[in-house]
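Got some structures for you, see below.
Both of the next two complexes hold chain A, though its partner changes from chain B to chain C.
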Partner chain A sequence: MPKDGGIGASTKRREDVRFLTGTGRYTDDINLPGQAYVHFVRSDVAHGRIRSIDPSTAEGMPGVLKVFTSKDFEAAGGIPCGWQITSRDGSVMQEPKHPILAEGVVRHVGDPIAAIVAKSREQARDAAEALEIDIEELPAVMNMREALKDGAPQVHDSLDSNLCFDWGFVEENREAVDTAIREAAHVTTLELVNNRLIANPMEPRVAIGAYDMAADSHTLYTTSQNPHVIRLLMGAFVLNIPEHKLRVVAPDVGGGFGSKIYHYAEEAFCTYAAKVLRRPVKWTSSRSEAFMSDAHGRDHVTKIELALDADHNFTALRTETHANMGAYLSTFAPAVPTWLHGTLMAGNYRTPLVYVNVKAVFTNTVPVDAYRGAGRPEATFQLERVVDKAARELGIDPVELRRKNFITEFPYATPVAVEYDTGDYHATLDKVLEISDWAGFDARLEKSRARGKLRGIGLAHYIEACGIAPSNLVGQLGARAGLFESATVRVNATGGITVMTGSHSHGQGHATTFAQVVADMIGIDASQVEISHGDTANTPMGMGTYGSRSIAVGGSAMVKATEKIIAKARKIAAHMLEASADDIELKDGAFTVAGTDKSLNWGDVTLAAYVPHNYPLDEIEPGLEETAFYDPANFTFPSGAYVCEVEVDPETGKVEVQGFAAADDFGNVINPMIVEGQVQGGLAQGIGQALLEACAYDDDGQLLSASYMDYAMPRAYDFPMFKVDSSCRTPCTHNPLGVKGCGEAGAIGSPPAVVNAVIDALHRAGHEIPHIDMPMTPNRVWSAIHGGAGPDKDGETMEERSVGA
Partner chain B sequence: MYDFEFMKPSSLDEAVAALAEEDAQLLAGGQTLLPTMKQRLAMPSKLISLKDIPDFSYVKAEGDTLTIGGGTTHRQVSEEAESAFPGLASLAGRIGDPAVRNRGTIGGSLANNDPAACYPAAVLATGATVITNRREIPADEYFQGMFTTALDEGEIITAVRFPIPEASRYEKFAQPASRFPMVACFVAKMNGGVRVAVTGASEEGVFRWSEAEEALTATFSADALEGLAHPANGMISDIHGSGEYRAHLIGVMTKRAVLHLT
Partner chain C sequence: MTKVTMNVNGRSRSGEVEGRTLLVQFLRETLSMTGTHVGCDTSQCGACVVHVDGQAVKSCTMLALEADGAEVTTIEGMTNADGSLGVIQQAFQDYHGLQCGFCTPGMVMSAKALLAENPKPSEEEIREYLEGNICRCTGYHNIVKAIMAASGQQVEPVAAE
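Now for the complex of A and B:
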């Protein structure tokens, strides 16, 4: 019997009532009295020197309050980067200043040059057209390998080169890996691109700054996944505002996918301008602006080599990746290709030796940051593609090759510095083979052939490190912040509960799942529990939501705080029942003296806490409110097995996903329906990356995929019904709920499954094509089959492959 | 958007008079014009809505012709042309999405003449006639290249008159992002022979593929197209498809249209 409440129940998402009836409260729904509007004037060239800005005409336009340029921000700091990477030679990464408004040089299309604040949005825009800016265009560098050559245009004159860092991991393994590859019975090599993506959350970014002169305090309303992080970064590093004078509110947020982690210049601008102008300043991004100013994702070019012995055991793995940083470093950018990527290169396999080299490169493109999976999809993609290719080269079953090399004993210390606590990779593999009807493929193949279509099936495994992260560990790895999480559980006099969490919900359904956990622990109905998040004024300092960390880290903090509540309530109950606290049992919301029928309801005890007439005031304080901070002991390691089945139209190259099955091990599951929804969304994004989505630049740095006319978002009809299963469960051993996190899995495991399926379809039809880059557009697949030209900018050599080139 | 005036005339004459003003522009479904204005790429001083003009929105079949009012929405065509001219109804039912089809009009589409628009293929393949407030323009003269038509300043498309083909089929291969045609072919089996019009592919906009027309007029079967390949020069090449690929798709889409009809 499925439960109808508490942990494990597929309770309906309570937040959807608001969202589906149009009563959500998003940042753009907030309008403050007297607010002014800012329009950012952005660069339309990829690289250029600002010769002059003449604001005089613009300043005189109707409604204009002020034209801001970098001169107005001389006292402010640059937008900070949250992570510092150390190169192989021991030097720290090159870190250019990222000004709020361009200081003399523009470095990507969309880089803000000036900001015009006016009484209306249209007036600001009108004035922007009258702003006279003289820019000398400079040569732009788009391609990472070109950027590293001598004489390449320099994105930042202040740096030695366009190389941000050159990271080796594990450096001590380097020689052993080289030797093992040299001496291997077989080596499979693959060169591939992980395509640059634009996150495209449904809600574009918005920021409103407000200043209270009497209190000398600032408020920023913003579309963020982590309001406390914004408060810390913006207050301490950019604007020099102490945290008690700065409140950051991220109300309902319509999707983030990582692109709303970053502390953006527009946030600092609005906060600052509100004080200068003594009135609230609002910015609402247009969709066009979002394409060229939201942090992009991925953009890696990789060569991977897998060594096998004569018995097909993996003996070593070597990768070399060029990771595009864009023109500046965003909050997480340096961590993505390094610690969030290199540490996952062992995958689900016992490969004893792994060496990962990553060269991070500046180019004249929009900065990248974390995007759903952040580093882990890039690791999984290379690994699962090269394993599939190895199986094909060796003529063995890709299922068997994986099984043979699976890690089976836990805990397992990988050669890339992490320890998997639990997992059962055979279980998820068995499950996915079952639900995808892998065995029945041949019959479906015949049917496709009869229709003139090619058909293929592809498998991929993944492992991810979630629940980031142990603060002491990430501190050693270069993180400039802690990665704990927090919760305050406030029990009201009549028993209802408000939980203030540092996690942020922007689609994840925390209001529902978090309430299920607290209600279950106490034994009351979930309707008694309300979840509050997103406002630094009333939530304890938390690090926000990304990296599938909310239930594993935020949920654990909430459990710890609730445990404190229960311990105290038990003492109060013991006093009231004249028994020892040790003898008090809490079950179904009632405190009972063990072995007796003496009992009190939850509400009786909570009332006593606030009406302490009969109360042990000499022993415990009145009230019932507890806060806990939780810092995890380790990452969590969700894993899973995905199967994709495709049909390819050989005449047009169009790929149609015919079936997709996902078997995930998320440890314990709080709400299976919400988990399934998270996986489905992730699959849509992952399949979108594999087949449709591509951020494309031309050689001059113009963004070609700058609107939905050219950036292909997946639509519902691009997919079949997914089969999603989370019944394989090896609970996490080091957090109280035994949970692992589920937000990113779908986007991590699906791209290689799709590519493996397409390659399989082509091979079955006699087209021995080793690889096709994502997105596998009809033109690319057709070209692979027929040897014709790819779409514009295709067909270049590995040397030339990188974003836009 | 820039500021503009808005008017909704209740007669064609009034609209024609208003259009004489400098920078005045007609507004039909707004599905092309409004996004352009939001981007500030168009700045009409006055918008003249065609919504209230009487007898501007209809689908009328008479004998072997089908006449469609200039302000008829794609949705209306997809429903009301179904029995008389199913090939056209099917084309209209695949333009954009329901929101676009409920507002966008045949007149707007033809006036705009986007090189990837759907209607131009049907109009050219059937040799239809574009009727304006001033004259009648045969399809072969109407389309004059990307976003360029025979329309003069101040001219309003009031109707389109299609000769109804014996059989017709529109095969559309969608560009993955916009879902406009990357390449689409309209094959019309007319009284005097077969006509094939191609949209989405060429830098010159919609065009007729005369070799395929000749081959299909001789024998109306997919086999007749065997060995015919459209050359790649002059074809659009962009991030979605090379000129060579588009040229190839012309052959595939034409063949599929014929297969559908045979």
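Now for the complex of A and C:
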């Protein structure tokens, strides 16, 4: 292993130094000469017809360069959707146009109506106050079931209804599932809400458009998880700019969690306006603006039924979900409740028959798309809740019910069209029971009782599909993109290496871990390897970072490119050492003729590649630079077992997480420190979903949770120290590193563990509560304990107004 | 426009500001010191924490004019004289107390203020003190560990290899 850390080392992160000294380069830190500033004027009603916009006063305000409306974008396309779903009846989904600026109708609070560009941010904002917009407010629809009723307000007049699609999976199993449930010895049914969330990376979105008149080329600096995807979508579908005339740069990005995957209207606006105005145009989102313009997450309403035979084997599973799309289709929105959700409904279990129905619905809310986990948390939550409920109804141990139904042989083809390559679910379960001290719970329970507190313990197991994805497969499933990844490994003459990857790091530490891999393969120090990402001008076309795919797909591309480098370097070394390439061994950065002491250092060979005096020029080209594109053969399937322990104050309903243990199987691990950090962060988001976070709208479509005063972001005091273990490892069989991906697991496995723990606490105290929806606020828990009427007797407090419920 | 002068990280810095210019805008836009970040508009997130005359302040809640004549310390002023990471900064790296890095300047500045008033804080005291600093990446786990380590207290090492 390289002395400064190879594969498996908890190498400290090299990117930390700039972040810790204030020398990072985030998009808002970039200022271009002569840049102007845009302020978007957004709808303050959920649904309305724009009668008129009078820009004359605003146009005359100091510093104002131009007021843009939809008229300025008549030649532009709409913001495209990257995935098409086909309904049960064979029809394709309804796909309304998503304009850059509203075309006559606004469809959610925050929908951009006009954009004012001025010489300063303050001037643009001042002019916005003077822009006269007359809007006729229309009835809005927020609730998904209401939206599907006859006579409901229509989000898009151009569509047949508010139903985007009605998806069945696997449709051929439908009748068999119905029969199995009808004939089962026991059926457990649960209705639940997966609460709407807002991703809230700490860096708000920013876009800066620039136009080079001499070269007739555009540059967009943007807070993106996937700059090449933005270049392709915006260039080809929105602004008609060929890719060789469009550079997209995503520099340091302050977190994403999914919300920075999508192509947003503000990016297209700034790119376009920079050409119109012949000067750079910058937009920096305020946090309030982010709440109503970043894509939201989750928002599913589900009924799930689990059938069991007399021996407690799972025999069938049926779920019906309403999934909120919001007012327009965001980039990957249709994939989330379908292929990222339905395919995971088998979970870790041998359930032979599964049927998933999803109705996707338009409402007058911000578009909903992938948020950390994306479909998989929704699948895991309902499954692990219904399994727990079944155990309770049958009076058996929830641990044993899971064990009895675990898949134990791999590869395993599920009834929902995926094949798990490896896993060992008993191992992760054993591990989490050990590190959570499950056996010692009773003693802790007694101590809590002595303090007048209720105490509960909850278990959840999860499976997820990561490393998205085989392009030919996702193409069949409706993806309008390939999902490969790329890397160029450039070896310099003196042996240092620059790796240009299509993956994007926005907190994941690729600069460190990717260098560990390449250094380990060659046997040089990791400090000899630099990772470059985030700029379409100097990286090969890549699909970016989401779905826990970077190491599994991007890392594999890098391995493939490095293998090409090593193969070529071996030939060069063979020539120089006057031996056969087959006899050349590479170890610790030295090429040696097997069985001899004839050896060359890495630097000797790389120098020869660029100073090819003694070189087989008739056989191989000079230089040492290779590119690889890697398209995975399958998804990867990380899995794990999580245990949450809570204390509930029966006087207030407040839930306190007393302990949380996670045992994950991510296959091989490159940097355990970073992997554990990813899990810890995911746990905080999952526990946040379970106990604190809710995106709330009122009945008129006003976004109530539109600031950190109102949206309950988890704070440090909301958590205990976590126990995180990734020592259970069944390597992935189909990628070269044997890795599975770790970015989303924490957010996927934790919500059901928390809810199971709270329900357990209530049951142990004699409160036979079947379920409490997330977030389990003190009000909801207190109300459940005290029979319905909470402290707020008039019904729902703000945090309880889940949109879909 | 009014001229303000303040001592930032040991250097006298001046600039012209409007009455409404916030201290964070002055730092980021007038002085081009972009280490201090803006993560919200309601003074909740703490990404903009700096020290003004020794007190931790959210620089989005203070007008630049109010800091006229003040001693201001920002994340750019936290390294040792030789440019190496200061004790708190080093602990954040050693214990993986940051991921995307956006909240980090505020976290480090808050940690510095905490340790100035409470040199050996308990885990609970650290968690309570960070009420005004939001991190979305780390789950706070390693931030808490880093601050404990920076205060000279024993903490478990990062992940075993």
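By definition in this document, the second predicted complex is superposed on the first by the 784 of 805 C-alpha atoms of A that agree within 3 Å, B and C clash if a C-alpha of one lies under 4 Å from a C-alpha of the other, contacts with A are read in each partner's own complex, and residues count from 1 in each chain.
Everything below uses one rule, namely that a residue touches a chain if its C-beta (ideal position, glycine included) is under 8 Å from a C-beta of that chain, and two chains touch if they have at least 3 such contacts.
Worth saying up front: this structure is predicted, and the values here are computed from it rather than measured.
Student: For A:Ser91, select first, second, both or neither according to whether it touches chain B, chain C, the two together, or no partner.
Tutor: Touch partners of A:Ser91: none, neither chain B nor chain C.
Student: Of the two partners chain B and chain C, indicate the one touching more residues belonging to chain A.
Tutor: C
Student: Could you look at A:Tyr26 and tell me whether it touches chain B, chain C, both or neither (first, second, both, neither)?
Tutor: After superposing on A, A:Tyr26 lies in contact with chain C but is clear of chain B.
Student: Which of the two partners, first being chain B and second being chain C, lies in contact with A:Tyr708: first, second, both, or neither?
Tutor: It touches chain B and chain C both.
Student: Which partner chains sit in contact with A:Ser288 here, chain B, chain C, both or neither? Use first/second/both/neither.
Tutor: both
Student: Classify the contacts of A:Ser580 with the two partner chains as first (chain B alone), second (chain C alone), both, or neither.
Tutor: A:Ser580: touches no partner chain.
Student: In the overlaid three-chain picture, which partner chain does A:Glu122 touch, first (chain B) or second (chain C), both, or neither?
Tutor: Both partners.
Student: Check the residue A:Ala694 against both partner chains and state whether it touches chain B (first), chain C (second), both, or neither.
Tutor: The answer is first: A:Ala694 touches chain B but not chain C.
Student: What residues on chain A does chain C touch that chain B touches too?
Tutor: Touching chain B in the first complex and chain C in the second, residues 122, 288, 708-709, 713 of chain A appear in both lists.
Student: Which positions of chain B touch chain A when the two form their complex?
Tutor: Where chain B meets chain A, its residues are 1-3, 39-40, 173, 176-178, 180, 237-245, 248-249, 252.
Student: Which of the residues in chain A come into contact with chain B in the complex?
Tutor: For this pair, the touching residues of chain A are 122, 125-126, 288, 651-652, 654, 692, 694, 696, 704-705, 708-713, 777-779, 782-783, 786, 788-794.
Student: Quick one: in the complex, what on chain A touches chain C?
Tutor: 8-10, 12-13, 15-24, 26, 28-29, 31, 122, 200-204, 252-255, 257, 286-288, 506-509, 672-678, 680-685, 707-709, 713-717, 719, 721-722, 726, 746
Student: Touching residues of chain C toward chain A in the complex: what are they?
Tutor: 18, 20, 28-29, 32-42, 44-45, 47, 74-76, 78-79, 85, 89, 92-94, 96, 98-105, 108, 123-124, 126-128, 130-131, 133-144, 158-161
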